[in-house]
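Heads up, the next two complexes both have chain A, just with different partners, chain B and then chain C.
Then we have the complex of A and B:
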C-alpha cells in the first residue's frame, strides 16, 4: 500500500495575522514494506506532515494519496484511511481512557464496527506483539508503569490493523531498556508482518539502526529523502539544519580526516567496531 | 480546528490606550457603563458614540474588531428591542389612520423610543468593554483587578488568591486547547467519530477526550503546585512584583477625558 504525496502545502491559521506556512511543496512516495526515518529539528513540520498521511489534517494545496485514495476527496471514508494508516503520537499514553487495558485496546477495532470475536482476536494478538502480558488485561491502564502504558497505547493503534504505522518519538521519556524493547518490537513487526513504518525520532542512533531510508525536514520543506548512508555522509548539511549524524559516524569521519584509511560510510556502533578492528588487523596492530 | 478559537480578545499592538494602566482602564470602563445607563436622550448617545470612536481611533484597533463583540449578543439586542417595541404602553402609532395594534402587541411612540435607547445602550456597553479587553492583556487585566480589590482584603476578601487563580486559569486555556486537539486527533486516528450520530452518541464520543483531559489537568495542577512551592510561593502576603503598575500622565489625561465626558452627559441630560 504505497503513499504518495504531491506538492503538499499546509498553512496554519490561514487568513489571520498569525498565518504560518507549515509545509511547502512536499512531494515523495513511500513504498510497501519500507522503514522510513523522519528527522528534523523541532518545528520543522514533521508532526504536520504525518498528520496529513491519515487525513487528520487536510492539505491546503497538493494531494495525499493513500492506497489510491485521495484524502481531500469528500467521498472517501476517513475511517478506512485511518484503519490503513495508524499514527502513534508522541506520549501516546495520555490518550488512554478506558476502565481496563483490554477495553482501551479494543476501542479502535470497535470503532471500525468489527464483531466481538474479531476484536478479541486482535486484542490478544497485538498485546502479544507489543509484549503485554494477558494478566494486565483487566487492570486499569492508569495503574501501569510508564513503559507499560506506552505499550497499551501502541497496541491500541496496532489493533486497527494498519498497513502502515507512523510513530512520533515512540521511545521518548522511556528508560534505556524500555526504549530498546519498544524499538526492537517495532523492527520485528516490520520484518515479520511486512508493516510499512515511518519513525520520527531525534535520536540519530535509533534512526541509523532501524531505518532504510531517511527523510530530512527543515522549515517546512523536505530537504532530503535518501538512503541512510547517503544522508549521513552529508553531515555538514545536516548540522546546518540543527541536526546531527550518529556518533559512530562522527568517529569514522574524524578518523578518515586524520589520515586513517577506514570506511567513513558507517553509522552504527557495531559496524564501526568491526571496521576499526579490520583496520587494526590490517596494519598489524591487533 | 481548535486552534482557530481565539482566547480572550487581546489584540497585541502598541497604542496610547494599550500602554495605559489597567486599573485606570477598568475604572474608566466601569464609569462609562454607569454613564450609559444614566443617559435619557438620544443626544447623549451622540456623545457616547463620539467618545467611543475617539477611544477606538486612539487604540489603533480596527472598528471591525470592536464591532465583532456585538455578534454574540445580537440576538439579545434584537430580543430586547422587540419586547420594548411591542410591549410598552403609551401613545399608539397610527399609519394612514390604522393604529398599529394586534392583541396585546402594539407599537407606541414610547416603545419605539425605549427600544432604540435599549439597543444603543447594549451596543455601546459591548463596544466599551471590548475596547478594554482588546487593549489589555489578560495578565494585566488580572493584575489590575487584584490591585483594585486589594483594599477589600482587610475585610477578608482574598484578592491575591482570586487574581492568582484567574491568572493560572487564563495561562492554561491555550495549553488545554492544544491538549484537547492532540487527544482528539489521537482518538480520531483510532477511528473515533465526533461529527456524526445523534446527540447521545456524540456525547458518548466525548468520553475518550474528557477522561484523558481531566487526568492530564489534575497532573498539571499537581505539578504546578509543586513547582510553585519549590520556588517558595507562600501566597500574597508580603509578595512584591517584578513589574509594578504605575499611573502616569497618560492615565491622568484619560481620567480627565472621562470626567469631561461625564460632564457633557450630565449637561445633555439637564438641557436637552
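Then we have the complex of A and C:
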C-alpha cells in the first residue's frame, strides 16, 4: 500500500505565542512493500510526521494520501485509514491494559466488530508472528518481562491487520538478544507478508541491517531520502545533523582515507569483512 | 569506595511464580576514582545491583558498604545517598523545576546546604556538564542530551563521590549520547568522581576502566574492556554484543588472517587492517 505526502506542513499551537513549525514542506512517496528507516535528532519532527501517516494529526498545509485516500478529506473514514496504518509507539508496553494477554491482543479486532472466530484466528496468528507462546494467553500482561510485554503490544497492532506498520524505537531498552528477536520478527513479516514498514530508530546499526531506503529528518525538514548506501556515504553531513553512521562504515571510510582501495559504501559487518578479504586477496596478502 | 559482600536479593512477590534470586552472592569492590561499566541482559539483575548502592534496595543477605557506611544502617541512609547518587534513564522523570539552575539546586537545597554554598555548587555543576550558558532556560525546551546533563548537574551539586548511572543514554539520539558520554568520562577523568554505569551499548562500555558482566544474579566477568570484548564467542553466548570494530577483526581472524582481536574502536581496527596490507 503506497503512502504519498505532498508539501506537508504542520504547526503546533498555531496562532499562539508558542507557535512552532514542526514540519515544513515535506514531500515523499513510500511504495508498497518497502522497508523504510526514519532517522533524525530528537525534536527533528519524526514523531509528528508518523502521526500524520494514520491521521492522528492533520496537515496545516499539503496533503497525505494513504492508499489513494486523502486524510484531510472530510468524507474519508478515519477508521479505515487507521486500520490500514498501524503505529507502534515508543515503549508500547505502557499501553497494555487488559486482564489477560489474549484480551489485550483481541481488543483492536473486537472493536472492528469482527466475529469471535475471526478474532480468535487473528490473535493466534499474530501471537505466532511475534513469537509469543500460547501459554501466556491467560496471564496478565503485567506479569511478563519487558521483552514479552513489547511483543504483546506489537501483536495488538498487528491484529488490526494493517497494510503498513510504523514502529517508533521498537527495540529501545531491550538487550541485544531481545532487540534482535523483535527486529528479526518484523523483518520476517515484511519479507513473508509483504508488509510495508517504517522503522524509527536512533540505532544506525539496526537501520543499516534492516532498511531498504532511509529518510533523514532535521529541524522539521526531510533532508535526504535515499538508499542505505547512499545515505551512509554522507557521514559528514549526518554528523552535522546530530546523527552518525554504523561503526562498520567508519572502518571502511578510514581504510579508504589511508589509501586502501576498498569500497567505502559498505554499512554492515558482514559486507565489510567480505570486502576487506576481497581486497587482501587482490593484493596477494591472503 | 563501594564494597559489596556476598549480596543476595529477591523480589519475592507472591504472584511471581518464577521466583528465585535477583542477586545471588555478588562480591564487588569499586575503588575511588574508578569507572566501571556494568553489562548484562534484561532481567540479569544489574539494575537491582545498582539500586543497592544508594540504599533504594536493602540487602536480604550480605552487605553493601558505601564509604564504610552499611546500607542496612537506616541512620546512614541520607549520607549514603549523598555519597553515592544515582542518574536514571529518562531525563524527563528527573527534572522538577522550571528553570535550569533551580533544578540543579533542588537536591542540594534539600540537603540543607546554605544559599551561598548552593550558588557555588550550582555554578560548578553546570560548568562540569558544560551547560552554564543554559542556566536561565526552561528545561523542557532543551534537547534530550541537554536535559540528561541537567539531571547529572543536579546530582553533582550534591558533591557525591560516586555516581551510579542506569542506562543514561538509552532514550537519547546519537549526538545526545555523545554529549552525555563525554560528560560522564570527564567527570571521572577530570573531577575524580567514581562512576558505575549500566549500559546496553557496547561502544559506551569501552570508555570504562573495567567491565563487569552480570548474568542470572551473579557476576560472571570482571576485567578490562579489552579483555572482555576480545572474547567475542563468550559475549555472544551470554547474549551480549561487542563493538562492530571488534566484530570485524574477529571475523577476519576466523577467516584465517593474522589479526589481533582485542580491538575496541574503528581507529584501532583501521590500523590493524593496514598492517595486514603491508
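Everything below uses one rule, namely that the second predicted complex is superposed on the first by the 286 of 286 C-alpha atoms of A that agree within 3 Å, B and C clash if a C-alpha of one lies under 4 Å from a C-alpha of the other, contacts with A are read in each partner's own complex, and residues count from 1 in each chain.
Just so we're on the same page, a residue touches a chain if its C-beta (ideal position, glycine included) is under 8 Å from a C-beta of that chain, and two chains touch if they have at least 3 such contacts.
These numbers were taken from a predicted model, which means no experiment stands behind them.
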Chain B versus chain C as contact partner of A:246, first or second or both or neither: second
Chain B versus chain C as contact partner of A:284, first or second or both or neither: neither
Touched partner set for A:68, first chain B, second chain C, both or neither: neither
Partner chain(s) touched by A:276 [first = chain B, second = chain C, both, neither]: second
First, second, both or neither for A:255, with chain B first and chain C second: second
Chain B versus chain C as contact partner of A:42, first or second or both or neither: second
Greater chain A contact set [chain C / chain B]: C
Common interface residues of chain A - those touching chain B in one complex and chain C in the other: none
Residue numbers on chain A that touch chain C, as the complex places them: 40-43, 143, 145-147, 172-178, 202, 204-205, 242-244, 246-248, 250-251, 254-255, 258, 260, 269-270, 272-273, 276-277, 279-280, 283, 285-286
Interfacial residue positions of chain B with respect to chain A in the complex: 3-4, 179, 182-183, 185-193, 207-208, 211-212, 215-216
Complex contacts: residues of chain A adjacent to chain B: 12-13, 51, 54, 56, 79, 82-83, 86-87, 89, 92, 94-97, 107-108, 111-112, 142, 156-157, 160
Touch list for chain C against partner chain A, complex: 15-16, 40-43, 89, 143-145, 167, 170-178, 200, 203, 239-241, 243-245, 247-248, 251-252, 255-257, 265-267, 269-270, 273-274, 276-277
